[in-house]
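Look at the two complexes coming up: chain A is in both, with chain B in one and chain C in the other.
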Partner chain A sequence: MWKVYKYTLIDLARNKFVGGWLLLLLAITAGLFQLEDQPVKAMLSLSQVLLALVPLVSCIFAIVYLYDALEFTELLAVQPLHRSKILGGQLLALSTALALGALLGAGLPLLIFFPGGASLTLALACFMLTLVFTAIGALIAIKNREKARGVGLGLVIWFLFVLVYDAVLLWIMFAFSDYPIEPWIVPLAALDPIDLGRIMVLLKVDLAAMMGYSGAIYEKFFGNLRGILVAMAALAAWVAVPSAVAFKAFRKKDF
Partner chain B sequence: MARVIFENTGKQYGAMWALRGLHARFEPGETVSVIGPNGSGKTTLIKCLLGLVHPSTGSIQVNGQPVNGDPAYRHQVGHMPQISRFPNELKIGQLIDLMDDIRSSGMDRAQGPLVKELGVDAMMDKRLGTLSGGQRQKVSAVLAFRYAPTVLVLDEPTAGLDPLSAELLLAAVRDIKRSGCTVLITSHLMEEVEALADRVAYLQEGRLQFLLSPEEITGATGLQRLSKAIPALLTRNAKAHVESV
Partner chain C sequence: MRLARPLRPLAALLAVAWATGPLAAKTWTVGPAAPNGKLAAAVASAAPKDTIRVLQGTYAEGTVRINKPLTILGTGMPLIDGRGEGDVLEITASDVTIRGLRITGTKISNINDNAGIKVIAADRVQLTGNQLLRCFFAIHLSKARNPLIEGNTITGDPALPESQRANGVHLWQCTGASIINNTITDHRDGIYFEFVTDSHINGNTSLRNNRYGLHFMFSNRDSYAHNLFQHNGAGVAVMYSKEVDMRHNSFISNRGASAYGILFKEINDVTIDSNRFTDNTTAMLVDGCNRMEAKGNEFRSNGWAVRLFSNATACNFSANTFAGNTFDLATNGNPVYNTFNGNYWDRYQGYDLDRNGTGDVPFRPLSLFAMVNERMPYAVVLSRSLLTSLMDQAERLIPSMTPEGLADDKPLMRPPHGKSHL
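And then the complex of A and B:
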């Protein structure tokens, strides 16, 4: 696995898109802190941009890269290697390249311009969302034979998580506010990894009060270390489950 | 013992059988040309042998080892695909290093069959993304022959190669065959089939129509050229089939 990892990472390190992604994140992060007078406002805007952009780019890049590498993956698959080692190497290299891009492009300037727990949480959320959406992208690329269909599916899934699910959750909370639905809100939020990241960051910026009813529920649950650990565990499950399904599909895949 | 054994091998995609009921044994040191019209199942046969496609029925053995078991059997297999694409940003030398790593080969990257002959040694620092189709085929050929395979699978190997390189490749096929390697080669060029094949496997609609030596084919039809003898044999077999029904 490490041989495939090493050479895939060498290829990714020279990939213009990966370098461009790092520079774009750097420009957005530094630019927002330069433009805003109040760092907390810049932080808030930045969290909205990053928590939408990082999943989108991770998912679509993973899909496109794995489709473009299909013939090379075939070449590896006819070598004396277990298929799990091929996918393991490729997935790990993609996650490393994209996560490094997110941490160096957004995490590092965040900690320089706005040092503290909120920046650290946002960097951590970006890191975890990179892993989650790279795994989802890999699963999509393995399960679909056509590139255009794969990319389209990636966009639909991203749109569902970034906007649709959040809107549905808000509607449920307001529509059933007269009922004791509090115990259900946190598990329902955990079904959307982007929502999880968003909640973790907003609570650290001390803006939970602005989130009204839902903010109070989230603060009660996520406002302590146990809550953060549960959120991280939920995000880790979001990495593990699509990865496990992708490995199973890759073992059975006909090239 | 036969080097490659297909036992009732079949592959179904949805309702369509790309390959069905294939029984065949390929011996050490023989070259078998797999031919047939487009969509006849040639690529599926090759992919089943390489473990790229999982057969729906039957089994395949290489050197006595089942294909869908331990991938270690692939230490003995070389493959040159019809179309090769490699990671754009890697250099040729790095790709060879990766394959040497996987195969645990301590060979110098500039050594080995066809490296110098095809001029690959002079291109080691070239990025794979900048190569032409023919240059990619040369890299592919070098990798296929590099690890002394006992089974070599070549899919349209000379397509895209210049005439001199194609001739060098065919000479390498003859050499490796003499060392006892079993070579499976798909080609649409009858000159290649005539020049290399010890036996010809003809596939149509996923079924093996015949597996005969060139002498048996020409002898059965009275025609000297395979390009004429094969259609004549197929027509005769089809007529015989209709009459028997």
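And then the complex of A and C:
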């Protein structure tokens, strides 16, 4: 597995995309902090951009890369190698490269420009979202034979999580506003990894609003260390479940 | 002091009489070693206008009643202990001055409203530079005219529940009070006014009181300036009053579901100028107010900067700074009889082509998401998501749900006072 990991990582390092991703994130982060005279505002704008962009790029790049590496994968598959080790190495290498890009491109400058818990949380959220959407991308790439279809599906999944799910959630709130649905909102929001990341950041930045009204419930739930651990566990589940399904599909895949 | 020329000989004559005659005020000294050791005994034997000097030490004498105009001065902060019998000092005479005492040991009683220093129907009482420790009420004045309460340090017991706490400075039916440079912590309400008129509250600090930092009702023509209200359970509440003037106060970190930087309820003719609101759950709640001028205030990093109920009329907001708030404005209806003009909004995305310092397109402070959130508070979980940003953008381009008339037509491009003016 580590050999596969090593060679995939070397290949990714040669790939211009990962470097480009790092530079893009660096440019966005530095640019926003230069443009805004209030660092909090820059941090908030940045959190909106990152929480949308990181999942998109991770998902699409994972899909595209795995399609492009299909011949290499097939070559490996004919070797006396356990299939889960092939995918394990590739997935780990992809995650490493993208996570490094996110942490060095956005996380590090964030902590330099705006040191504090909020930046740390945002960096952590970006890191976890990278892992989640790389795993989802891998699952899509393995399940679908056609590249165009895979990329399209990746876009749809991203769109679902970044926008449609929130719209559905808002609709649920409206539709059931006569019922005591408050306790259900947090678990429902936790079903969307992007929302989880956003709420984690929100609780660090918009704490004043979070203390009010039903915000106090969220504050109670996510505000302390236990809450952060719960959120992290939910995100870890978002990595584990798609990965497990992907491994299962990969084992049975007929190339 | 300069006296008018015809009065000078008279003044000189009076001074001589004062120094030599039987009218001369006597100074009594009370100390652990002094023959007349007890404070209560000294008060009993002193004549009106006398001075009692209290030396360093502990005087655990129960309630001391002061029923004649005396000046009581502490040297080295002597401790006056009421031994939990009731009030500690009870003042029923005018022109009493209490300075430099440490006072503790009131009885907790909601029937008698026991206080460290209680003043009943006395005028021109001066309470300065005292320390009040773990009292039930600390300073309690009723029907007092022109009292001065200055430079006192009032500290409650942070371990007590609200039912066993009372107010730091409590005034009922007073007029012409000056409350200056006091520090009040860990009481129920820091400063409480009911039926108090023509008074000045300057430079006080009210911290960690578990209800309101400042609470006043039915108190007209009062002014509040340069006070700090921080970490109070419910912030500051101002109710049923007229002609209130509040300037240069700071309202900081008053957090909780029903905590407000300042809560205005049924207030008429208010000026609220150059105050600072930071890190509050709701910085300012305006409920049923008429003719309020809010200008030059700074709202930063609050959950809700202004919650303006639609029963408010003629409330004008100008030259205020709104920055870093989760919601700049929220309302329960259509507050069109109020105006926003020439404020700085950090959310403003317009342009200033003619370079006159104000934006060329109006700013709508009431976002669609704020309205949604008003109906369903739990929707706050969706704030700063892509969905709500898109909703707000769409609403700003084509307003359909938010009130048409509620806009700042001349939003400032820069904060009126630079980054921070306070």
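Everything that follows uses one rule, which is that the second predicted complex is superposed on the first by the 242 of 255 C-alpha atoms of A that agree within 3 Å, B and C clash if a C-alpha of one lies under 4 Å from a C-alpha of the other, contacts with A are read in each partner's own complex, and residues count from 1 in each chain.
Keep this in mind: contacts are C-beta pairs under 8 Å (C-beta built on N, C-alpha and C of every residue); 3 or more make two chains touch, one makes a residue touch a chain.
Bear in mind that the values here come from a model prediction, so they are computed numbers and not experimental data.
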Partner chain(s) touched by A:7 [first = chain B, second = chain C, both, neither]: first
Partner chain(s) touched by A:38 [first = chain B, second = chain C, both, neither]: second
Touching partner for A:79 - first (chain B), second (chain C), both, neither: first
Partner chain(s) touched by A:71 [first = chain B, second = chain C, both, neither]: first
Which superposed partner A:17 touches (first chain B, second chain C, both, neither): neither
Touching partner for A:252 - first (chain B), second (chain C), both, neither: first
Partner chain(s) touched by A:170 [first = chain B, second = chain C, both, neither]: second
Larger contact residue set on chain A - chain B or chain C: C
Residue ranges of chain B touching chain A (in the complex, touch as defined): 47, 50-54, 71-75, 77, 79, 81, 83-90, 94-95, 97-99, 101-103, 143
Complex contacts: residues of chain A adjacent to chain B: 3-4, 6-8, 10-15, 68-72, 74-82, 252, 254-255
Touch list for chain A against partner chain C, complex: 37-38, 40-41, 44, 47-48, 52, 162-163, 166-167, 169-170, 173-174, 177, 181-182, 185-186, 189, 195, 198-199, 201-202, 206, 208-218
Parts of chain C lying in touch with chain A, wherever the complex brings them together: 255-257, 259, 279-282, 301-304, 323-324, 326-327, 346, 372, 375-390, 419
